[in-house]
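Note that subunit A is present in both complexes that follow, paired respectively with subunit B and with subunit C.
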Partner chain A sequence: MLEISKADESTVLLKGRMDASQADAAHEVMDALTGTCTVDFAGLEYISSAGLKVLLATQQRLWESGGEIVLQGMTPHVRMVFDLAGFDSVFKIS
Partner chain B sequence: MQQTFGRDFAELTRVFNLMDAFSAQQELGPSLSFPLTMAVEELFTNMVKYNAEGGAIEIECTGGPERVQIRLLDRDSAPFDVTEDRQVDTSASLHERTPGGLGLHLVQKMMDEFHYDHKDRVTDIRIVKYR
Partner chain C sequence: MVGLHAAASFLPVLLFLVILRSVDPYRLVNLRSLGAALVGGCGAAVLAYFANSGVREALSLTDLALSRYAGPLIEEILKGGVIGILLWRNRAGFLVDAAILGFGVGAGFAVVENLYLITTRDFDLATWIVRGFGTAIMHGGATTVFAILTKMMEERKGRVTWHGLLPALVAAFVIHSAYNHFVLPPLISTAVIALSVPVLVGVIFSRSEAATRAWITDGFDADQEVIRLLETGVLSDSRVGEYLSELKARFPGEVLVDMLCLVRLEAELSIRAKGMLMMREAGFDPKPDDAMKARIAETQYLEDSIGAVGRMALDPFLRVHGKESWQRGILGVS
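Right, the complex of A and B next:
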């Protein structure tokens, strides 16, 4: 299960698993983001390519209007997925 | 451990439950359970997406002292070699990135062994991680 909440207008908190069954719900929230936003992964235990695709589409959309998403708080295993996908070069990860 | 699943994304919860139970039984830490679970999700969702008319999908998990293996069987499917290089460019710029093939690329990178066989309309995929 994936829980998505907002700490403030520009910070999204993810908790749980970002898998193929949760991708539509994640897409809906990410589609509403504008400008530059932070996505906090501290509570995210798991991500698959379905979750990566949602984040990539969001980054591409925001980048066109001068914004971006900045990712923070990844666990080592989630970070490994980002690195293997080469996403560390298209996202700011803090 | 072996279970049969319907060809539906809604079955992913049961797939994850199987992987959690297998990981607990085999006392796998996250460095093994995470990539195995992810690989199974990628392969299962591929079977759901690209063979919508097929029947049930079987997943069989076996563990040994030196390796763990997951086998996925799709008994009514056309050939599609999931082990082929998907040519994903992980160094492309943001605007050049496309999501196609990303899931199988990750499976190839994360598994120690990745085998595919197709015979008499049965797709037989085996993934292995060394302990």
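Right, the complex of A and C next:
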């Protein structure tokens, strides 16, 4: 199960598992983001390729309008997956 | 005028090749492989010139027999040989890249053939249009069909065999020979070819894209799970762990350690390759990472260290013969 909430207008909090079954719900929230936003991974236990695709598509869309997603609070495992996949080249990770 | 003739004969097939590569969202075929396909096709055309001349003399063939039967057979064998080599060298992972490489070989062949004709014959513009939109696209289309059927056979049997190429060769020969029979007026034949090849390729693209997406998604998550199991130390509870435990009795400790390292490294390389494809699909242009070269060198060291028997023991987990080997090309280091 994935819980998506907003701490403020530009910060999205993720909690739980971001997998294929939750990708549509995540897409809906991410589609509403504009400008530069922060996505907090602190409560995220697992992210599958479906979740990563949502983030990549959102990043590409925001880049086109001069914004971006900044990722923060990743667990060591999720951070390692991002590094291994090379996604650290397209996301700012704090 | 020569410039216009050349444009009519070369541009359609080369433009179609560029469009084919650009509509693939994953950009599976790199420029090096595409260049190899084009050069291979050019080489096949040069060989075909000599082979056709030799066969015509040896068998006292008429021009008609040569153009309808012997020529198509010789030319499709030579173009198919290039495809066989490219597939054997793991240059295509899916039907889409096999199709693009196939069209590349056919395009290279057609360019050399038309170049030869431009320098030796004085055709009118209509003939060059037929050669450019019809004959050249036919060459690309026939070799595309050959490549697709061969790739399908490879996916079914797990490898490319020379006798397995026969059905693909027959299909390519029939297309080529039928075109050369000129049953329809040349302009109609040209229109049929110019319309049917894009439709065929479109069907292949949509079918293969779904397979590519499933392979990336399933593979990425499975590789991520392998890394997680290794990181958390609960590998022994998994199917992989149980299997590796069974190997303890058969291999020295240091070899088992290298086996674990190899499982991890292959998973890491696989995640990077699939990550690059996911980024390309999203519209990014990820660059090859030099760090991957060191990792691939390390896998080669580990493979040598565990030996052929150790590799065979890991085969159920490391399928590095087909797509897993091809994906190293995606990393831009093979």
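As a convention for this text, the second predicted complex is superposed on the first by the 94 of 94 C-alpha atoms of A that agree within 3 Å, B and C clash if a C-alpha of one lies under 4 Å from a C-alpha of the other, contacts with A are read in each partner's own complex, and residues count from 1 in each chain.
Note that contacts are C-beta pairs under 8 Å (C-beta built on N, C-alpha and C of every residue); 3 or more make two chains touch, one makes a residue touch a chain.
Fair warning: this is a prediction, and the values are worked out from it, not measured in the lab.
After superposition on subunit A, the partners subunit B and subunit C are seen to clash.
Shared-chain residue A:Ser5: touches no atom of subunit B or subunit C. Legend: residue contacts after superposition of the two complexes on their common chain; A:Val90 is shown touching both subunit B and subunit C. In the superposition on chain A, contact of A:Arg17 is made with subunit B only, not with subunit C. Once the two complexes are overlaid on the shared chain, A:Ser49 sits against subunit B and subunit C alike. When the shared chain is aligned, subunit B and subunit C each come close enough to touch A:Gln59. When both complexes are overlaid on chain A, the residue A:Thr34 reaches neither subunit B nor subunit C.
Touch criterion met: A:His77 reaches subunit B and subunit C at once. Across the options 5-13, 77-85, 167-175 or 221-229, subunit C meets subunit B in a clash only at 221-229, per the superposition defined above. Across the two superposed structures, the residue set of subunit A contacted by subunit B and also by subunit C is 20, 48-50, 52-53, 56-57, 59-60, 77, 81, 84-86, 89-90. By the touch rule above, subunit A contacts subunit C in their complex via residues 20, 48-50, 52-53, 56-57, 59-60, 77, 80-81, 84-87, 89-90. On subunit B, the positions that touch subunit A within their shared complex are 9-10, 12-13, 16, 30-31, 34, 37-38, 41-42, 45, 89-95, 97, 99, 102-103, 105-106, 109-110. Residues 17, 19-21, 46, 48-50, 52-53, 56-57, 59-60, 63, 77, 81, 84-86, 89-90 of subunit A are the ones touching subunit B in the complex. Interface of subunit C with subunit A (complex): residues 216-217, 220-221, 224, 227-228, 231, 268, 271-272, 274-276, 278-279, 281-284, 286-287, 289.
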